[in-house]
Amino acid sequence: MLKVKSVVKEFSGFRAVDECSFEVEKNTITGLIGPNGAGKTTMFNLIAGSLKLDQGEVYFSEQKVNNFAPHQIARLGLARTFQIPKTLRKMTVLENLMLVPSGQSGENIWNSWFRGAKVENEEKVNAAKAYETLEFLEMEHLADEMAVNLSGGQKKLLELGRALMAEPELILLDEPGAGVNPTLLNKIAENILKLKERGKTILLIEHNMDLIMNICDRVIVMNDGKHLVEGTPAEIKTNPQVLEAYLGEKTA
Amino acid sequence: MALQLFLNGVILGSIIALGAIGLSLIYGILKFGHFAHGDLMTLGAYFAFLFKVQLGLPFWLAFVLAAALTAGTAVLLNLILYRHLKKRDSVIVMISSVGAALIIRNFVLLFWGPQNKFYEKAIQMPIVLGDGLLRIKENQIIILVLALSLVVAVHLFLSWTKLGKAMRAMADNIDLAQITGINTERVIIWTWAMSGVLTAAAGILLAFDTHLTPVMGWNLLLPLFAAVILGGIGSPYGAMFGGLVIGISQEMSTLIISAAYKPAVAFTIMILMLIIRPSGLMGKKV
Amino acid sequence: QETVKIGTLMPLTGGLASYGQFTRNGTLLAQKIINEQGGLLGGRELELVNVDTQTNPQAGVDGAQKLVSVNGINAIVGALSSGVTIPVAESVTVPGEAVLISPSSTSPVLTTLDDNGYVFRTVPSDSLQGVVAGNLAADLDHESLAIIYVNNDYGQGLNDAVIEQFEKRGGEVTASIAFEPNKVSYRSELMDAASENPDALLLIAYTDDGGITIIRQALENGYFDQFIFTDGLKAPEITEGVEQYLEGMRGTAPTSMPGGKGPELFTELYEEEFGEIPPKPYIDTSFDATFVLALAIEKAGSTEGPAIRDAINEVLAEDGMLVNINEWDKAKELIAAGEKIRYEGASGPVLFNDVGDSMGAIGIWKIEDGDIVNESVEVQ
Amino acid sequence: MLSIKEVYAGYGEIEIIHGISLEVNEGEIVSIVGPNGSGKSTLLKSIFSLVDIMGGEINYLNSNLSQVNTDQMIKKGLSFVPQTDNIFPTLTVEENLELGAYVSKKKLKDRFDLIYNLFPPLVEKRKKKAGTLSGGQRQMVAFGRALVIEPKLLLLDEPTAGLAPMYIDLILEKVAEINKTGVSILMVEQNAKKALAMSDRGYVLAAGEKKYEDSGRGLLENEEVAQLFLGG
Amino acid sequence: MTFAGVFSYLVFFLIFVGIYAIMTLALNIQRGFAGLFNIGIAGFWAVGAYTSAIVTKGPTPDHLGGFGMPFIVGLLTAGLVASVLALLVGIPTIRLREDYLGIATIGIAEIIRLVVKNEAWLTNGVRGVSAIPKPLAGIFGSNYNLFFLLIVITVIVIFYYLSEKGINSPWGRVLRAIREDEEVVKAAGKNVVRYRMEAFILGAFMMGVGGALYAHFTSFISPEAFRPMQATFLVWIMLIIGGSANNFGSIVGAFLTWGIWTGTEFLTGMLPAAYTTQAAAVRVILIGIFLEIILLSRPQGLFGEKKYSSKKTAAEN
């Protein structure tokens, strides 16, 4: 599904990602963990096309996507969330979601001028889907709220919602749990599992070990921009390198 | 010829630099392009005219008084207008500054009329160097010396007081600056006052070199912005450098292209800059 | 009773601001005389509606547009600058069928303008001034000349005419450079003009939007010390602060024809009303333009454009009955009696040829003790 | 030392906090927990007048904060780490820390060493612009900045969000340590269990109102609270 | 003034309001909806005006021309050339941060003004292009302005309709989203640059057409007509006063602002001639003060930001 090969990214001489390689199997939940500054978010940005690779290759569904523009990769079926939530502030929550699906014919100005009926119909379908997503996130009551008025956690949920609307094959989630209330977090975990049931593939950055341990099939650990180790959650939990670099003695 | 043009460019460039420093700081901290900056420059020049010609004070005193009055005006603009619009879209503040520009320019027209004015009616003959290779007027030497001392003064001010750092911090995140204990209101006032002084100086020196007209500053506004962008928004040193580059390249350009297109040089450099390195030569990477 | 309106396009700001106030006085004086002597068209008062052209074609056209299409005015005095008059004529008054009389636009282009006979002027064309100026330069023993001229039809026309005459007299024009108004610095233009060390600079400009700046910058950078000026700079303002350098410099400008009592009478009436009359040109011709329009309206018995146009040449004739500038009453009686009029105007007798140009004289003026004095007159 | 009385606050016309009262006493650790959007951050911000205060009173060390300039508050030892936008991105890490000492006269080099000890990853980033740091590193800078002045009362808005597990425990440990040196702490945490476990007292907010108020332990043991707000 | 006088003044006034309203609608597409900070309106305006003038005028020795095309061809060509200009300007700058784009556009507008000023073979330089033909001149006699007003209104109605329709569609939603956060839109698989470009070009097209209407109405254009104050900032003031991102507000803003701009002319017209300069200055000062008062008291504009939405409420579902 996703293959990353010896990827390198430098920021003015500093190697944030350093010859890192890994693979993500179809229809799995893969955790990507590592200390702060290990290069996880940077790796996401490279995969999603928000940053340009210095070296290496990225394959998505067998296709080489090195240095595709973000929107091109998104169209191939990749969705991502942002670690620090980004919202369309002065648009409603519903619109935030309805924006996402690609190939809407009304996104072409000529169609919106001259093919009103077709556009209308598509919009209805689109709206229905958005409501579904909101229900899934238990945010229906916020449908008409401006996104700017959401709290930090609600914004994280909206991030997730947008990723869902894209009907992606692969979803990259950057710390969906950070700052989220524990009760809600349990729900997010359930939802991620449900996504997997629906056949999606998920790559997940998270510092919340409970979440990682409970839902991941495999876990990849990055450190200093490199691929450190990889294995099942249970293996990772007891790996001495991981303990030292990431979990700290106590958690073990 | 090239040497002469270079000298002319340095003179124009240092005037632009003086104006651009304040514009850049305001842009950085308050996040809007201050379109009344050129007209503040005009106002400064006319204040000096008031003191020097109409009231007959010596030049240095007129300079100081005019700078102080212009600084006061800048602070006042902030108090009456910009402060209240701060939380709004930066475009609103920008439009408000266009309004302020109109008011200032027409205030000048109202009180001093549209005709060209001079600090000294009598003209000054140039010092001719190297067998006509280089002509420089005494006034132009004064301009260079004054501009240089002001730039040094700004440098000392920014590095010896904590103000420089506070300004940079505010340019980054004004709310956080406030909870860090920076008295943001006061820093903003200082910023305006400092820009006021510098821009008045720019206006006075420009008029000193040529003459006063109510549109002198407005006409220089775009080169000022070009200098700011070239140097990187929010960077006072960048603005100085940008000003010089703009001034020199404008004047030297007449060697290659028609003088009529001189003003276009500033924009062209600016646009190239935006394309190649949007953060400016000395600006922060964003 | 409704007033009869005449529009005036006078610059109160911009390059010719220092002329506009006085030329406007000229029109006001005509208005005063006419209204004191019973108005026109059976006792209606004459009203002048002025628009400030800002010496700027755009503002001039916009203003004229309003005069014609909003105020319904079909007779206009103006504009001063040829650069304003020509577009006003082409874009507004000719298609709008309004009569336009310029008191000062001297560009030769006006002669050939395709105007359906709606455009007149009370001054001679620069084909005359150019000859006088070219001769002046040659008579001053200049062998070479640089010309800097304002980039409009006036500057260009006069520039061409001067070159032609000066070269005819064996001189060489080393540079001829057009400039844009309202720049802060003209050093590059001056540098070009001075590059071949000509004997003098002939400057065709208006005072406030470049002329004075060019003179000062030419002097202080040592580019020129000999100058010849034209009608756009015949104003004492140009010498302020540089008196000692300009002493003895000469220039040309249209002036009143010698003989005839119009000019003297005009000076007297003007000074009675407004105080001393400055040595600037076109105050008298502005008076005349207004007076002639009033005559034509009276003759036409209407304020419609075509009627006024036709009436102008019907009412004025070389061999008509003499009317002085303070004899509006008499003029009305003569018109009522169907007589033609020989108008002995403020600038001399006013008569138009079939393209609407009038005859005239060019004077040579000189700077003496910082003042402008008339030296001699050359007649066409 | 800090007492918030019946405060109403919000953004523009929207009222978010509906009359909340809260106390922090000398030497205490107090935690605020609650669902996302319940107004926790807004409440903290209201202490610094960063939001619109519509009613009530906030007192710190016997002075009414609405009448005091922010720099005065800092001088009196009040320090705040916001939840978001809590660093100066174009300034270097070191400059960020220096700004923490803005109101004090002396240079606090020894404090910096203490902070670098606390967060070793920052050492090699000293001269780097803070905006280029990873999420977790930024959090460290923000925390560090607030510690520079030796605060008397430290306000923390989710100090552990986005941190690697080893740092979560570390930070909470440091918080406890700092508290031992006499600094009072008021913090908002989503790591609610851990936070409450170390707190003297805790508040539960929901929908802009105070729902529960008890000792840390008390709240942890409260079935209802656990069910609704602590994830069972 | 007589009734006829008042009426013809009103018509004249409304034509200018209409031309400005077109500019404001166009700016609203760029700024209000797509967040594009164009302060080079004057450039597009000038290009539209000159294009139509050159295309429709008969042969002249003064500048490029002699095509003698019909008015409607002039309008469309003006819109197209302005669009091409937008494309060219947009290629390097449209990706930039919004205020950079702003300063780049104002710079380009100035360059255009310099070109218009200096390339006499093309535009007749500072002397301007005069005698630009008026469509169907001579047929309507003294009611001509009324006819022209109808043309202007027709153009406004078309542009208004297209703009509203576009903005309430998914296309508009993408634009508004870009204004909020580009990254999000990119992550959703949309080509941000293309959308911004479309909005920029569409707005430029409308500005070009507006410019053409202006040229044909005044029948004379020169570089002076395209100074930043009248041709750019006045449009901005109209947009802000009406309320950004609000098409109706844009039109009302144009009406009010132009009303004040010209209305004060009457006041100053009543003063003696000796005070003309002062009066003109006082007039502009008053306008400035009025603008500031509006900004301070109603920064969201008279009509505020309209809530455009591709789907309005849950109820519809």
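As written, the chains take the letters A, B, C, D and E, and residue 1 is the first residue of each chain.
Operating definition for what follows: contacts are C-beta pairs under 8 Å (C-beta built on N, C-alpha and C of every residue); 3 or more make two chains touch, one makes a residue touch a chain.
Here the structure is a predicted model, which means the values were calculated and not measured.
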- Note on the structure: Shared touching partners of subunit A and subunit C are E
- Note on the structure: Chain-touch separation of subunit D and subunit E, in steps, is 2
- So which chain is farthest from subunit A, going by the mean of the CA atoms in each chain? C
- Task: Look at the interfaces A-E and C-E and say which one is made up of more C-beta pairs in contact.
- Result: A-E
- Distance from subunit D to subunit B - Cα centre to Cα centre, in angstrom: 42
- Task: Would you mind pulling out the distance in Å between where the CA atoms of subunit A average out and where those of subunit B do?
- Result: 47
- Message: Measuring centre to centre with CA averages, how many angstrom lie between subunit B and subunit C?
- Response: 41
- Message: Can you compute the centre-to-centre distance for subunit B and subunit E, using the mean CA position of each chain? Integer Å is fine.
- Response: 30
- Touching at least 2 other chains, the residues of subunit E are 117, 277, 280
- Would you give the residues of subunit B that are in contact with at least 2 other chains, written as numbers and ranges? 114, 260, 286
- What pairs of chains are touching here? A-D, A-E, B-C, B-D, B-E, C-E
- Residues of subunit C that touch subunit B when the two form their complex: 13-14, 17-18, 180, 182, 184-185, 187-189, 191, 208, 212-213, 216-217, 219-222, 240-242, 245
- Message: Per the contact definition, I'd like the list of subunit B residues that touch subunit D in the complex.
- Response: 162, 165-166, 168-169, 171-173, 175-183, 284-286
- Message: Under the definition above, what is the set of subunit D residues touching subunit A in their complex?
- Response: 11, 14, 34-38, 41, 83-84, 121, 128, 132-137, 139-140, 158, 161-170, 190, 192-193, 228-232
- Could you pull out which subunit B residues touch subunit E in their complex? 32-33, 80-81, 84-85, 88-92, 95-96, 98-100, 102-103, 105-107, 109-110, 113-114, 222, 225-226, 229, 258, 260-261, 263-264, 266-268, 270-271, 274-275, 278, 286
- Touching residues (chain side subunit A, partner subunit E) in the complex: 48, 50, 69-72, 74-75, 79-80, 82, 86-92, 94-96, 98-100, 102, 104, 106-109, 111-113, 116, 119, 122-124, 127-128, 131, 140, 143-144, 162, 166
